[in-house]
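After this come two complexes, each holding chain A, first together with chain B and then together with chain C.
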Partner chain A sequence: MSFDLGLILASLPDIARGLGMTVLIWAVCAALGLALGFLVAVARRSGGRVVNWLLFVPVEVIRGTPFLVQVFLLYYGGPFIGLSLEAVPAGVLALSIYAAAYYSELWRAGFAAIPKGHLEAADCVGMSPVQTMTRIILPEMTTLILPAMVNMTILMLKETAILSIISVPELTLTVSALGTQNYAFVESFTVLALLYWALVELCGAAGRAAEARLAKYRFA
Partner chain B sequence: MTAPSVPAVAIKALVKDFGTARVLEGISFAAERGEVTCLIGPSGSGKSTVLRCTAFLEEATDGLIEIDGEPLGFGPGPGGRRVRLPAAQIRTVRKKIGMVFQQFNLWPHMTALGNVSEALTHVLRLPRREAEARAMAELERVGLAHRAAHYPSELSGGQQQRVAIARALALEPRILLFDEPTASLDPELTGEVLAVMRDLAETGITMLVVTHEIGFAASVAAKIVFLDHGRILVEGTPAQVFGKPRNPRIDRFLETYLDRGAATLL
Partner chain C sequence: MSWSLLLLLLEAARLTILLSVVSIGGIGFLLATVVCAAMLSKNRLARGAGRLFVSFFRGTPLLVQLLLIYYLLPAAGLDVPSEVAAIAGMSLCTAAYQAEIMRGGFAGVPAGLVEAAEMAGMSRFATFRRIRLPIAFKLTLPALINEWIMMLKSSSLVSVVGVVELTRMAQDLAASTYRPLELYAAAGAIYLAINVVVALLGRGLEARLSWGRA
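Moving on, here comes the complex of A and B:
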C-alpha cells in the first residue's frame, strides 16, 4: 500500500471546508469561553460565599468529567429538558462551557496573583472598581496568565475533534470520512495530524509573540 | 469656609479591632495644617493601622476621623452612634488624601510617567497632554524626570518610592500619608527618599508619617505621636518627646534605633 497523495489533493475543497469549520468553532468557543469564564471568576471573587459555592460545583463537575461525556449528555440528553439543538450549536455550547470552566480558574489565578497593595494604590487615587479591573488588574495579570491561557486554547483546539461524534462537519469528521470511504486511513489521519499540529504551532507562535511584547514589564 | 484652627487631620477616639484583638484602644490626636506629624513606636503598636484608617483602607471599629473638618467615612449620629456617610461624600473627602506605601505599590505594567498620569487621565479625566505635563512636573519635583519612560522593574527601590510620591502628589492632596516609606529600602536608598520628603515638608504640605527613621522625625516633625500597644504614650514636639526627663519606655525604644539617627538623641 502506498501513500495516495492524489486522493488528498482531489479532496482539498472538502478538507478546506472542514478546516474552516474547525477554526470557526475553535475561535467562537475560545471567545465565548474566555468571556463566560471571566464572568464566573468575577462572580466567585466578589459575589460572596454562596455565589462562590454555587459556581464552584459546576466548574468542578465540568473539569472532572470527560468532554466526550459532556457532549453526549448535552446533545442526546438536552431534548429531555427541552433543549433540542442542532449539532453545530450543541457542539459550540458544550465546548464553550467546558472552556469557560477551565478559563475561569485561570482568571481566578490571575486575580489572586495581583498584590493587594496594587489595588489599594488604585483605590487611593480614586479609581472605581471597573477602572481598577480594566486599567490595573487585567493588564497586570495578562503577563502572568498568558502562557496558561495559550496552553488552554491549544487544548481546546484538540477537543474540537470530539465534536465529530455528534456529526459536526469539522475537520476530523470530514477527513476521517474520506479515509473510511476510500479505505485510506493512513492518508487521512496523517493529514489530520499535520493540520492540527500546524494550527497548534500557529497559536503557540502567536502566544510567544504576545509574551515577548509584554516581557518588558514582567515582574522583576 | 473652615476656620483656620481646624486641623488637617483630627483623629477622635479611634478604636480598631482585628477579630478579637483590639489594636487601637481609643486614640485621639490632630495633625496641623502645613506641618509634619510623625507617628512612631515599636512594631505592632498600631501606628500603621491609624494611617490605614486615615486613608480609609481600613474601616475603624469606632471613633471618628475628620479631614479638614469634614468627617471621613463615618459621621456622628443620633444617640452618640456613628453613621456611615454616603459613598459620594466618602469619595469627596478621600480626594484630599494622598497615600505612599511601604511597598511602593507602583503598577508594574505602566512606566513611571504612566503611574503618575494614570489617575489624572482616568479619574480626573484631564486631556492626555495636560495630564502628562503635570505628571512630568511631579517627576521633576522628585528628581526623576529623566526616568519617566522606565518601568518600575527598571528602577531602584528608592526611585520607585519617589515615583510613588510623585503619583500621590499629582492629585494635589491636602494631606500626604506615608506608611513606613523607607522600611523596604537599604540605608543608601533611604537617604534619597527622606531628602525628597524633607523638601516636601519645606514647601508646607501637610504630612502624616509613620516611620522608624527617628532622626528624620526628630529633625522634620512639628509633632511626634509615640504609640505603644494601641495607645498614645507621649505626644508633643520632638523636644518634648525626646528631651529629658524622658519616659523610660522611649529610652528603651531609642536604644534599639541607634542606627536610625536616634544616637544623637540619647
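Moving on, here comes the complex of A and C:
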C-alpha cells in the first residue's frame, strides 16, 4: 500500500472547487432550513390544532426516513409528478427540507423553554407579538438552543456528502472521481476523510466559542 | 404497486434490520462500552485514543467512512465481502456516537451518590454496578434509542458499497420497473414503520425504568 501525495497536490484546484461547493450547499441549506424550520415551529405553536397536526405528519415522516431515500424520491420520482430538477437544485431542496424538519423541533423546544411569566410580562407592558418575539423569545432561547443548533448544523455538513450519490459535484464526488480516474482510492478517501474531519472540528470549535460568548446572557 | 414488488422490498428490509441489529445493537454497542471505558480511564494514553476515535468517526460522514473501508481493506490485502465492510463501517461509526452518549451519562451521575456509596463502604466495583451503571443507563437510554434510530436510517448508505438492503432493492426495482415514485415512497414507509416500532419499544422500556429518579 503506497501513498501518492503528488497526485493529491496536482489535483488541489479540483479538490478546492469541490470543497467550495460543499461549503456553499451547506450554508445555503442551513440558512433555508433554519428559516423554514422557524416558520414551521411558529405555525405549529400558534396555528391551532389542525395546523399543528397537519405539520406534525410531514415533520415526523421526514425525521423517520433516511435522507438518501428522500433524495431519491425527489430526484428520480419528481419528474413523474412534473418536478424535474437538476442535481444541484434537487439536492439543495432535499437537504433544506430535511434540515427544516429537524430545526423546527429545536425551535419548538426553544419556545417551550421560555418561562410563561416572561411572556405575560411582555404582554402586560404592551408589547406586540412581533416585539415579544424579537425582544424576549428569540434572545432568550438563542442561548438555550444554540448547542443543539450547532450540533444539527454539523450533522448537515456530513449529510451533504450523500448528495454525491445523485452526482452533485461537491467534495465527496470530486475526490472519489479523482480516486477512480487514477486508481488511487487510498489517497483520495484518506484526504476526503481528513478534510471533513477538519471542517467538522473547526465548526465545533466555532460553536463552542459562540456558546462561551453568549453564556453571559443566559437567564436561567 | 404490485404485491410481488412489496414482498421484495420487505425481504430486503429483513437485511436492513439484520445489519442494524448486528452493527448498532451488537458490535457497535460493545465497542462503544470499550471506547467509553477508555475515555473515562485514568490512563492518559487510553483517554487520548478514545477521544481521537470518537472525534474521527463523529467528524466524518458515514458515507466517506464506508468508502474508505470498502476500498482500503482490499488495498491492505484483505478481500472482504461488501456486507462485512458495511457492518464494520456502521459499527465503528455508531460506536463513536454511543460512546459519547455513555460518557455523558456517567458524567451525569450525581457526585453525592457516589460519595455516599463510598461512605457506606461499598467497593469500587459495587459502586459501579449498583450506583453508577444503573443511573447512567437510565440517563442515556433516550439518547441511545435516538442514536439507534438515526443509525438505522443511515444504514441506507451501505447500498452504495453494493449491499442489497432496502434502499438498494428499491433502487434496483425502480430502475427495472421505471416506477421510482411508488418504490421509494414504499421504502420510506417501511423505514418509518421500523423506526416507529423502535421508538415505541424504547418508550416502553423507559416507562418500565421509571423507578427512582436520580
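Simple rule for what comes next: the second predicted complex is superposed on the first by the 218 of 220 C-alpha atoms of A that agree within 3 Å, B and C clash if a C-alpha of one lies under 4 Å from a C-alpha of the other, contacts with A are read in each partner's own complex, and residues count from 1 in each chain.
Heads up, the rule we're going with is that a residue touches a chain if its C-beta (ideal position, glycine included) is under 8 Å from a C-beta of that chain, and two chains touch if they have at least 3 such contacts.
Predicted model, so just to flag it, every value in this text is computed and none were measured.
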item: Greater chain A contact set [chain C / chain B]; value: C
item: Partner chain(s) touched by A:V200 [first = chain B, second = chain C, both, neither]; value: second
item: Touched partner set for A:A121, first chain B, second chain C, both or neither; value: first
item: Of all residues in chain B, those that touch chain A in their complex; value: 55, 57, 91, 94-95, 97-99, 101, 103, 105-110, 118-119, 122-123, 151-153, 164, 167-168, 171
item: Residues on chain A engaged by chain C in the complex (per definition of touch); value: 1, 61, 64-70, 72-73, 76-77, 80-81, 158-162, 164-165, 172, 176, 179, 185-186, 189-190, 192-193, 196-197, 200-201
item: Chain A residues within the chain B interface of the complex; value: 115, 117-118, 120-127, 131, 135-136, 139-140, 142-143, 216-220
item: Chain C residues within the chain A interface of the complex; value: 55-56, 58-65, 67-68, 71-72, 75-77, 149, 153-157, 159-160, 167, 170-171, 174, 180-181, 184-185, 187-188, 191-192, 195-196
